[in-house]
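So, here come the structures, one by one.
The following pair of complexes shares a single chain, chain A, combined with chain B in the former and chain C in the latter.
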Partner chain A sequence: MNVCIKKLMVWLSLWALVGSALAEPFAPGGAIGSQTDDGYNALGPVVEQPFEFPHNVHAGQMGINCMYCHTYARRSAVSGIPRLDKCMGCHKLIESVKDKPRIKKLFEYWDKKEPIPWKKVHDLPDFVRFNHERHIQRFYFREKRSIRETCGYCHGDVASMTTARRVKALSMGWCISCHQKEHLENASTTKTSNGPNDCWQCHK
Partner chain B sequence: MSLSNLIKNWSSLRVRRPYEGQYKGKDYKWAMVIDLDACTGCNACTTACYAENNLPVVGKESFAKGQAMHWIRIERYWGPGDHMTEEFPQRGAQFLPMLCQQCEAAPCEVVCPVGATHHTPDGLNSQVYNRCIGSRYCSANCPYKVRYFNWWQYPERAWPNPLELQLNPDVTVRSKGVMEKCTFCVQRLTEAKNRARTENRLVADGEVTTACAQACPTSAITFGNLANEKSTVAKMWQAHQIKLASDVQEKDDTVRGYRIFEDLRTYPSIVYLEQVRDLEA
Partner chain C sequence: MSSRILDRRDFLRVLGIGGAAATLAGCGNTSIESGKELVMSYVQPEDFVVPGVGVYYASTCTQCGSGCGIMGRVREGRILKLEGNPQSLISAGKICGLGQAGVQVHYNPDRLRTPLMREGDTLKPVSWEKAQASLNSRLGPASTLAGNQIAFLTGEISGHQKVMVEALLESFGSDNHVVYDALSTVTGRAASKAVIGESLPVLKIDQARMILSFGNDFLGSGVSPVYMAAQYARFRKAPRGTLVQIEPRMTLTGANADRWYAIKPGTEGVFALGLAHALLAHESYAHSLPAELEAALKPYDKDTVSEVTGVHAEAIPHLAGMLWEKSPSLVLSGPSAEGHVRGFNNAAAIQLLNLILNNRGRSLLGSAVHPFPQLVSATGSYSALVKLNQDMSAGRVQTLLLVGTNPVFTAPTFLPFANNLSKVPFKVAFVTQLDETAHQCDLVLPLLSPLEDFGTHVASYQPSGVEVQIQQPLMEKLYPETRGFGDILLELVKLRRPEVYKAFPDYYSYLKTAVTKAKPVFKATTGDDEFWEDALRSGVLRLDLPAAALESKEGASVVQVDTPRVLDTDVHYPFFFVPSVRADLRDGRHANLPWLQESPDPLTTVVWDSWVDIHPKTANEMQIREGDILEVQSATGSMRAKAYLFPGIQPDTVSMPLGQGHTAYGRYADGMGVNPFKLFDPMFDEKTGELALYATRVIIKKTGENALVVKDEGPTSLQQNRKLVATIGADQAQLAKENAHVTE
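Showing the complex of A and B:
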């Protein structure tokens, strides 16, 4: 009898483990808030930026295309963090917000002639090769989806955040789950294909 | 791999290879030709490979133990004659650059217990470092002995600060306990394919080459796409009457091309052109 219960317990705990392992990559936003002492949450390290950049104002209220600042996304593996003169190109001319604390901070860096030390939020392991160009070319330029949707697959709805944070798992199983789906090849066709299934496409 | 995907794409996933016309209509099949008549054994290819692929220099002691990490090595063969007593035999040495042959039926792939090495659609034997557990079975099964194992944590030893700044960011720095091998400079291939894809075309012949082929001063190494019949490599394979999917080549005596250990039925992707020697003199 005792053995029987023990066996049952082992099976139950095993199933619980399997269940949690399966559920984890697709965990909803609830777990994100809980941060451990070493600066990690369920999705990876929590990154503190030098100051709060309001994506919600730029991409949300103003409706600026992500690629206006993240210029390289459409033609390179990395999307790029804009240079300070990109910020200043507009903000030199926008008088109405010049007294706001965040803009003052921006001008401080400009006067010191120093770049803003932005931290990387969506940092993949070194053995992974992710290419922005391929995804942007496919979904934004060929399939003509909106930029908010295209970038949002991996970055979440950045237009509703201030500084960007990780909201997707960015794990291999999560990538594969999308690569296995059928996607339209371009906007004017019903032909579909899925993402590459070969290790060396992403691993290097 | 979900079950539905497995069932749906069964025919494409259940690969039968090699067979004649396997790459017909496919975009890429990377292959190489090495002209041994042009090779001078200068080791420029090895040096280029070290620089391109973040290979650690292991030092004299490890080298003596056979732990060197050169993905491409120059093998030296002395010709006929009493080379044990003569320091420089009359005919001199013959050189043969040995690198991963990217076999179509690779002995290394089938023995990996964790599937860290597999065949890509481009016909390369891939090695996924983060999946490798270091069983070294693949190396034991490789007839060419071109797989190299990281016996030590090399990065700190081989590239002390600030030497790590010269590492290639497109290639992983391997850590202790994983197997590694020649990749045909897959980082370059990926980059070229990406560029071509955006421009809605295929990679042109000569657009991309490996580091060893690029560095070779006598152009002994030719690299290209065998699936493209007009490429230099495909023409050379044809001229030397080598067929990818056969293990006994029916060819004239006049052509120099051969593949190493063909009788083992590994179906390598590298053709060597025999050195022309005057055996009468």
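Showing the complex of A and C:
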């Protein structure tokens, strides 16, 4: 009796092992992709958006600061999608691109007073609370790093993309690898500290 | 050892293999998603709106009639949580559990989302156009209804909603506004008015040095529990006030008391008169009553009173001594003392103690004269429902409108309300969610939730001056087919009285005009718009007014003093039956809120159920164990529930909580427990005619079945029969000696 059950348990466990390995195929972009220098790069899937927003034009060619549009990043846990009237604030006045299909689409949404249904590209699980405000305040405002470096550390070089695509793993190990590094406390000091390593900082 | 299936080592071994599988499965970051969820932006938000950061808006809690000011945290257009509004004197920045559950009224999955109209035996969803057409044909200009043929049945209602109800009725020449409260406090209020001069005087709990409460659950299900709890906290600060509670079944307030006495239900008046008799023995209080009354109190000696009430004889001189010493005191009567045939007299006898102890003007004040009498809260009674029932039975009511009340659930069985309701040709219910009464109506209109609607409220208990509470939407409406109560009524009144109301496109504009008109009373010097914006921002309009003096013509003469007499024993129904009113479920209107169903009853920790409280001694005599299914039978009805052995109850009494036993109130309420409203015998207070809720007698029968009582309380209450914490009776404690021992 005893032996039978033991055998059964071992068999069940082995099958569970095989089953779970099979049940987790290498989902496109989901698993760790090409391993590069920091070991955590992982290219996400291409996300189809309502229309192709050209980050490369705005942040790249025009050199607009990320926070001009993603204004909530320094004020809130979420960076937020820019409010529609922010887009219109400029584009109402830019005659040269008014007839471009993307801008026409923008105007359609504006006329209907409807938000654009963008798809989320960087979507952490619900049990993780990432706070943009703390990171922007620390690295951009206090340490005076450039905005491309500050945002780009997690989001990649958005200025070279059209619609954004995930390039980093955004996994816990990746977060911790940076939290364990020493960072300058502000631009005018050599004093350093690392990020918090308490579980509850992110898992509340 | 052969019976051992899996030992610890085997278990760990298996877990290790399974764990490895789980670890492999966890490899990769598959929970990071791209392109699955939408991320919507605002189109043109207010400047202060930041996604991810909550904004607080002021409003008013409508979960009970206390009128607590609340602040709702709104993020991304959603109301997330309610807090107290610090600008409201009533809530002072705090809120109770019942109030917290307000968001579940709003997000309840059983919300009614479209109008319903009766087709044969069923209610069918219809469009608003059809519902409105049906309303207009009955209540529009062509209506043939006249006078009291149209009636409006409401629960406690105040502010401009009450004004609209009365305006609609008045447009038909009707004054048939019936206000029903299943847990009516009319008897107590009448006694208070007669003896001390005000039906709901201001209680200065924090000024009193001692409170003697006869079943008044002011910390739980009372008239303004949040305000009273704050007062009580101050009362308990040094010098610490003493609270003594006398009641048949322990309430939350009773559980907080320094001394708790179990009393036979209905004998509270005898105890109060016995205490009055004892108090008069002190020279300071002698002759504080008319000589006749004083003489009539002679037979109320402590032994007689003890025999009648079942309270220990020494309690009376003990309490008298405390009351002499701790002045000013405060003596309160509560529902368990008032809900009897002689309930008025019980309450009057209790209030008499306040007269003797000279508490008027010290711990008991008159409330301010209200500058807006039309907004004052309409107090519900049982007798109002009886009259409506007669009118319906005689065919005098042609159209009945109902809001904020569920009489099919709460009316006792001997009042055939449901039968008579079917005699009314056109019945319209305004609800956020279908209930037992709405199911019997011809037209059911879906209302905005209290967190989506505008309104004003004036609480019946005003602790100081006067507060008009503003209710405003905390978020956009969830369901497009729901409408505001005020808006629906305004549309109807407009059809009847276009000359007065046509200027108002909606209830909001009516409310804004009405509130800003009152500006001079609040001595505001700002512009109309600014005044209105300020009112919305602070959520409350306050007016400091002096307390009126308390005077009464009748005073002590109201109290009837009979010869004290031991209560008859009823051979058929040997137990007293008292309902217990839970601070969260109240009369059952909140049983649809899962947070309240799952929050343990504070005294028994039972969740999601009904139960029968029975004293352990009585249970032992009857060989009843916890979980035994008992049949509780009164002359009117019978029902079954699990036994819960509860030491906080008078041994000849059993109790059941009100609020459960719904049959048509949504997924969280239906099928939970039983409804003790259907047990009540036709007993009425002889003075006010109110239903005597605490006067029913029952017999307990064992069914031989047993089931688990689902409760939070673990075995700690029994200390696992190991006496982990030793206790002795208070009368055996010799503190002086123990302290001496410690210092040795």
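Some observations on this one:
Here is the rule we use: the second predicted complex is superposed on the first by the 158 of 204 C-alpha atoms of A that agree within 3 Å, B and C clash if a C-alpha of one lies under 4 Å from a C-alpha of the other, contacts with A are read in each partner's own complex, and residues count from 1 in each chain.
By our rule, a residue touches a chain if its C-beta (ideal position, glycine included) is under 8 Å from a C-beta of that chain, and two chains touch if they have at least 3 such contacts.
Source: prediction; values computed, not measured.
Looking at the shared chain after the overlay, A:Q180 reaches chain B, while chain C stays out of its contact range. By the touch criterion defined above, A:P82 lies against chain C but remains apart from chain B after alignment on the C-alpha atoms of chain A. When the shared chain is aligned, no partner comes close enough to touch A:G63: not chain B, not chain C. Shared-chain residue A:P125: touches chain B and chain C both. When chain A is checked against chain B and against chain C, the one touching more of its residues turns out to be C.
Judged by the touch definition given at the top, the superposed model places A:Q137 against chain B, while chain C stays out of reach. Of the two partner chains placed around the shared chain by superposition, chain B is the only one that A:H203 touches, whereas chain C remains out of contact.
Residue overlap on chain A between the chain B contacts of one complex and the chain C contacts of the other covers 75, 77, 125. Within the complex, the chain A residues that touch chain B are 75, 77, 125-127, 129, 131, 133-134, 137, 176, 180, 197-201, 203-204.
In the complex of the two chains, the chain C residues touching chain A come out as 2, 4-6, 10, 14, 17-18, 20-22, 24-25, 27-45, 50-53. Chain A contributes residues 1-2, 5-6, 9-10, 13-14, 16-17, 19-21, 23-24, 26-27, 29-32, 42, 44-45, 47-48, 72, 75-78, 80-85, 110, 113-125, 165-166, 169-171 to its touches with chain C in the complex.
On the chain B side of its complex with chain A, the touching residues are 1-2, 5, 118, 120-121, 124, 126, 128-131, 170-173, 183, 186-187, 190, 194, 197-198.
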